[in-house]
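I've put the structures underneath this note.
Consider the two complexes below, in which chain A is the common component and chain B and chain C are the respective partners.
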Partner chain A sequence: MKTLVRAEHIVTTFPVDRKRRFAAVDGVSLELRRGEIVGLVGESGSGKSVTSMSMLQLILPPGKVEGKVFVDGFEGDTLAFGADSDQVRQIRGGKIGMIFQEPMTSLDPVLTVGRQIQENIMTHLHLPKAEAKARAVEMMKAVGIPDPETRFGQYPSQFSGGMRQRIMIAMVLAAEPDVLIADEATTALDVTTQALILDLIQDLARQRDLTVVIVTHNLGLIARYADRIYVMYGGNIVESAEKYELFDHPIHPYTHGLLAAVPRLDAGKRHMLVPIEGLPPNPADLPPYCKFYDRCPYREEACTQGPCALYQAGEGHFVRCALTQEALADKRGRLEGVRRLMPDKTVSQEICLEVKDLRMDFPIYRGLLKQKVGEVHAVDGISLHVHAGETLGVVGESGCGKSTLAKCVMRALKPTAGQILFHGEDLGTLTGRKLKRARSKLSMIFQDPFSSLDPRQTAGSIVGEPLKIHGLVRDRAQYDARVDELLRIVGLDPTFRDRLPREFSGGQRQRLGIARALASEPDMIVCDEPISALDVSIQAQVINLLIDLQARLKIAYLFIAHDLSVVKHISDRIVVMYLGRVVELAPAERLYESPLHPYTKALLSAVPVSDPHVDLARERIELRGEVPSVMDHPAGCAFCGRCRYAMDRCRTEAPMLRDQGDGRQVACFLYEREAGERDGREGGTEHGEA
Partner chain B sequence: MREKIEARAAHSGRGRRARQFLRALFHRKIVLVGSIGTIFFVLIALFAPLVAPYDPNVIDKGAYLLGMSPLHPLGTDLYGRDLFSRLVFGARVSLLTGVTATLIAAAAGSLLGIVAAYYGGIVDKILLRACETLDAIPYIALTMALVAILGNGMLNMAVIMCSTCVPFFVRMMRASVLSILNSDYILAAKLSGQSEWKLWLKHILPNSVSPIIVSATQNVGNTIMMESGLSFLGIGISVPMASWGAIISEARPYLTTHPLYVLAPCACLAALIICLNLFGDGIRDALDPSLRGETA
Partner chain C sequence: MVKYISSRIGQMLVTVVLVSFFTYILVDIMPKDPVYALYGPNITQEEYEAGYRALDLDKPLLVRYGMWASKVLRGDWGTSYKHHMQVWKLLAPKIAVTLYLSVLSAIVSFAVGILLGAVTAVKRGKWQDTVLTFLANLCASLPSFVVALGLLYLFCIRSQLLPTSGFTWPWVDFGKHVRQLAMPLFALSLSGVASICRQTRSSMLEVIRQDYIRTARSKGLRERVVIVGHVMRNALVPVITLLGNRLAYFIGGAMFVENVFSIPGTGSLMVQSINFMDVPVIQAFVVLSAVVISLAYLVTDILYVAVDPRISLD
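And then the complex of A and B:
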């Protein structure tokens, strides 16, 4: 295969202060060949984005890029041309296109999308206006935008996130680049949309013989879409290999660590995750030797003897480690034995929380006089229960009402109708002292560890606040002792209690949030996306902490997340939500082994498994369209517009949640038995045909 | 690594954070210059009777429009008053009116802003409309009217000038309280059952004051400028009292013959405003955590 881009020893530095500079990218060499999909994987701060931006000379002063970049069709080192030279401008956009994470900000809001694509074509291909327009429409069709002629004249705000990312792809590809860099391009999207966009990119790459670089932190995506992978850590490439080689025979301790730290959809639930100890490195404070040394379970004296070189471990397989392949394999044998089993936990039959037919409507106001023109049914008749000491997972795409459900349960919102029984008392009607008492037994962990902690309160007073509110301690000494204990429980050093939140890392902040939630000794904690803001290796630490705490303190969790692998790993039973309704409820293992509802099936198949063999063997169900807006709720089944089994009945009548035996419930006519033979058979044949 | 963390934890708490704040504040040399300048003017204003060689208001008919001399370092004005002494007392007037006006405006504005944010609805609307109305009246017209009603003493001037900057503080406080009310940490405190007034005292107020402090520091310069402008126009501080603006106005006809008479008060005004702005910028940068290291 022909090499299109070759980067040699890129070093990108930024100033720390007047004297010192730190290297965000420290000697990265890589090459991109025609027609392959390359994965660049690493956690935040690993230098993966900076690497791709350095190649395009998108680093602004005071940042500085050194090294050499050779691009096919251009004479010599393109870094020597300078960032504003004509050649580099031709490379950017013309030869190498880039799409970014935020589809909201990368399009100009005051120009129509068509015009933006058209202008890009005119700049790079020098076509006349009319031809450029025809080509823009053609490109919009190619990226799967329905009715491109009409949508050509629309503004970015009239498109959904997924559609905007498609527009970005159309815009970049319109200039006929040879290389497309997708920098976390799907991270902000829902799993099903993410799968659609990456499938599209993959198809386009195959059709046009395009080279794609997928920059991501998600190992599953890499396993599904990439051909060749570079693993980055602390500004270095620590391992690179063909996909199958890398996943079958990972060598570098960090690659091993990453694979063990991520829960997998297809894995059993007997074992705990193996987190990578410590914190992600601070790029400004990296050691001159192996960057992974502090967190590496394999570390030895020899590792600190200067930087280690990349060595070849197999065909096309390179590793940067001071230890040889054999030494690592030998050590692995001894370390592997320590994988922890899940702690035993007791789930009692006692019901802790029961939600009965909960509805939450939000009014929509429009016009000059702010008249109420309708209602959004954010939560549309949900019933569920959580046993004491149990974890109930709630999954669904954005807009499905899972966060509204959490807020109703916490009584942050007053539900429109229905009951929320907590230990038999309806939270919806409680007031005053009774509500306060209920609040002490029910706490919450938030998604964003940055905004959920008061920036001006010390760690100690954040954690201790519930103790004071509920009068759980008698005096200062007892208060101090309890705060120290809480900090210790979540794995923080009690001497940090006088620090402010900003002095902690993201993972540590989330631990503070957990300690605060535990302070009032709750029976139940509502976890609203508690780990989605954290890095992969830190996620595992927090998940393990939550599991251990549950086993020890017998707390029930209502665990809300969009990451299905994580939900499966932690939950006993799982609720799948779609547009404010529950479509399926089942024990965790069973839901993943044999999902019933078509939506559950599609959702699960959209999540890639971080093992390419397993992922290849899984059935892929493509979901048509996108989640409809909650504003125009379909009359019948909310899912019927995207469902491949949809029947006439689905469009007029909403299916009820019905028991299917062995603890599972599903809201779908395909599984309706009581409704008569005829329907059952009809559903069955439809199923067979599809 | 380990020891470093522990050593850092050992001297933690308020003292450490105060040091951190000061380090952040004076990190840029130019801020240090601004702060020293500001302190210099404040000291002069405080100890004006000691610094000034003469009574600034004593008229010496025989010694008008003198040049620089050992007796009168900057010469005398057209009534024979010592210019240097008048400038020293002028600093007092400028700083006193500027600071008082800002303090009143910031306090009243914050209070009204909190009221607007807390009650919302109709109260919020009325307060915002009132602010807009106040903004719509040209400030010179407004001050002229108020001077006519209240008279032009130093305190009155401060009150009058503050009325023009109150709307700014109302809006600022309202916006910052509203954004804090929507944040997760307020929700967290509410959900753990925190009472309403403690919520405000412990979480909302401490977090909403820093933008007010920053704009107040920057506002002092603006008010001083405004006071000089008004005095220049003759609707400022009452006549015999020394105000830089009034001195510039008096000296205007003598620009060609006695340049120092005009330039000296202009230079004082410019220097004070620049110093105050530099100091304000420094405070802003130091109070904004996003500009400081995350893991300091």
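And then the complex of A and C:
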């Protein structure tokens, strides 16, 4: 295969202060060959995005790129031409196109999408305006944008996230580049949309013999889509190999760590995850030797002797480690086998939280006088229960109402209708002292550990505040002892109690959030996306902590997340939500093994498994379209517009959630008959109520 | 769009009517008898009563306001107490001069300010930025009459390069017009240029960091195209909203500058009228200012919607 781009020893530095510079990318060499899909995987701060931007010379001063980049069709080192030279501008967009992470902010908001696509075509293909327009419309059609002629004249704010990312792809591919770099291009999107976009990129790449670089932190995506993989850590490539070689025979300790730290949809639930200990590297403060040294379970004295070189471990398989392949294999043999089993926990039959027919409507106001013109049914009749000590997972894509459900349970919102029974008392009607008492037994962990902690409050005061609010301590000594204990429980050093949130890393901040939630000795914690803002290696630490705490303190969790693998790993039972309704409820293992609802099936199939063999063997279900807006709720089943089994009945009538035996419930007419046989003929009456 | 504009014009009319009503009440609040003010103090009781009725002062306030407003709509603002002539005839030529000066000053401020702001943003941290930003910070805080006095000293007293005073319309004598206008325009526009320069700079620096500018660069566009086509397009949205605000400021500032350079604008007339409590003139001036400023805000709002498609008209 022909090499299109070859980067040699790229070093990208940024200034720390007047004298010192730090290297965000520290000697990366890689090559891209025609027609292959390359995965560039690493956590935040690994330098993966900086690497791809350095190759395109998109690093702005005071950042500086050194090294050499050779691009097919251009004489010599293109870095030497300078960032604003004609040659480099031809490469940017013309030869190598790039799609960025945030579809919501990556398009110019004041120009029509058509013009932005046209601009790219006119710059690189030198076509007159009318032809460029025709080509732009054609490209929009090719990436699956319905009615491209009309949408050509619309602005980015009129498109959904998934559609904007399609516009980006159309824009980049319209100039016929040879290489497409997708820098976390689907991270901000829902799982099903992510699968659609990457499938689209894969198809287009095959049709056009395009080279694609997928820059991501998600090992599953790499396992599904990439042909060849570079693993990055602390500004270095630590391992590179063909996909199957890398997943079958990973060598570098970091690659191993990463694979063990990520929960997998297909894995059993007996074992705990193996987190990578320590903190992700701070690019401004890296050692001159192996960057992974501090967190490496295999580290030796020899590792600190200077930067380690890349060695070949097999055909096309390169590893950067001071230890040889044999030494690593030997050590691994001795370290392995210590994988922890999940702690035993007791789920009692007592019901801790019961939600009955919960509805939450938000009014929509329009016009000068702010008249109410309609309602959004964010939560549209949900019933579920959580046993004491149990974890109930809630999954669903954006707009499905899972966060609204959490807010209702916390009584941050007053539900429109229905009951929320917590130990038998209806939270929806409690007020004053009774509500306060109930709240001390029900706490919450938030998504963003950066914005959910008061930046001016010390760690000790953050954790201790609930103790004071609920009057749980008698005096100062007791307070201090309890705060220290809470910090220790979540694995933080009690001497950190006077530090401010900004002095902690993301993972540590989330531990603070957990300690705060635990302070009032709750019976139940609502976890709203508690790990989605954290790095992969840190996620495992927090998940393990939550599992251990549950076993020790017998707390029930309502665990809300969009990451199905994580939810499956931690939950006993899972609720699948779609547009404000529950479509399926089942024990975690069973939901994965044999999902019933067409939406659950599609959702599960969209999640890639970080093992290419397993992933290849799984059934893929193409899901049409994107999650519709909650504003236009269809009359019948909310999912009917995207369902491949949709019947006429689905469009006019909403299916009820029905028991399917062995603890599962599903809301779908496909399973109506079996249910009907079991429960006699009550089906007809229930629909009347719906 | 049509619905939006008509609703905004509606709001504007409400504003103008309210302003006009409160200005009308001035007649009753001011400690000056309008009959004596108009006909002089040496009139007989009969003459006074005839004048009282002629001015409709025997009717209730709201009726008088209604009659006044209907006359105003026909262009009749009443008679000046001091100059004993139709307010409109007195005011029209002076308003033309002030408006000319303010609008010209707004054009100069926006054109030069945006240009300099763009230069400082693009050359951020370089000497051009340091010098211009320093000057902008200095000039933004200088009152226009101080600048005017400084200019007078430099160009008239020390060097006699420019005429000290007067105003000539460009179609009468263009050369004279330019010589006479140079200093007042400079004095009036300087702080505008400075503050628009600062606004443009910070707005552009904000936009330059945005993801879509990185996207534009990744398409291989020339830096000039990126700056003009993408950065400026976005950065000017908040700058344009200053237009209404600035125009109001220039109308106020023009009065000081007109006084310094003896320009026959509304400035000196207003000062005289207030001193003399020439109520009809003050009324006309306040209402007309309200109309001009409301119009400026209307234009600003329409521009805002036109340049930023994210602002929905609903």
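Quick notes on this one:
The definition used in the following text is that the second predicted complex is superposed on the first by the 673 of 690 C-alpha atoms of A that agree within 3 Å, B and C clash if a C-alpha of one lies under 4 Å from a C-alpha of the other, contacts with A are read in each partner's own complex, and residues count from 1 in each chain.
Note that a contact is a pair of C-beta atoms (placed from the backbone, for glycine too) under 8 Å apart; a residue touches a chain by one contact, two chains touch by 3 or more.
Predicted model, so just to flag it, every value in this text is computed and none were measured.
In the superposition on chain A, A:P109 makes contact with chain C only, not with chain B. Judged by the touch definition given at the top, the superposed model places A:G94 against chain C, while chain B stays out of reach. Of the two partner chains, chain C is the only one touched by A:L58; chain B is not.
Of the two partner chains placed by superposition, A:D426 touches none, neither chain B nor chain C.
In the superposed model, A:M171 makes contact with chain C only, not with chain B. In the superposition on chain A, contact of A:R456 is made with chain B only, not with chain C. When the two structures are aligned on the shared chain, A:N120 is found in touch with chain C, with no touch to chain B. Of the two partner chains placed by superposition, only chain C is touched by A:D84; chain B is not.
Across the two superposed structures, the residue set of chain A contacted by chain B and also by chain C is empty. Of all the residues in chain B, the ones that touch chain A in their complex are 1, 5-6, 9-10, 12-13, 17, 183-185, 187-195, 202-203, 206-207, 289, 292, 294-296.
For chain A in complex with chain B, the touching residues are 282, 294, 410-412, 435-436, 439-440, 443-444, 446-448, 451-457, 465-466, 469-470, 493, 495-496, 498-500, 502-505, 513, 516, 519-520. By the touch rule above, chain A contacts chain C in their complex via residues 56, 58, 84, 88-94, 97-98, 100, 102, 105-112, 119-120, 123-124, 155, 157, 168, 171-172, 175, 366-368.
By the touch criterion given at the top, residues 7, 210-212, 214-223, 229-230, 233-234, 237, 307-310, 314 of chain C touch chain A in their complex.
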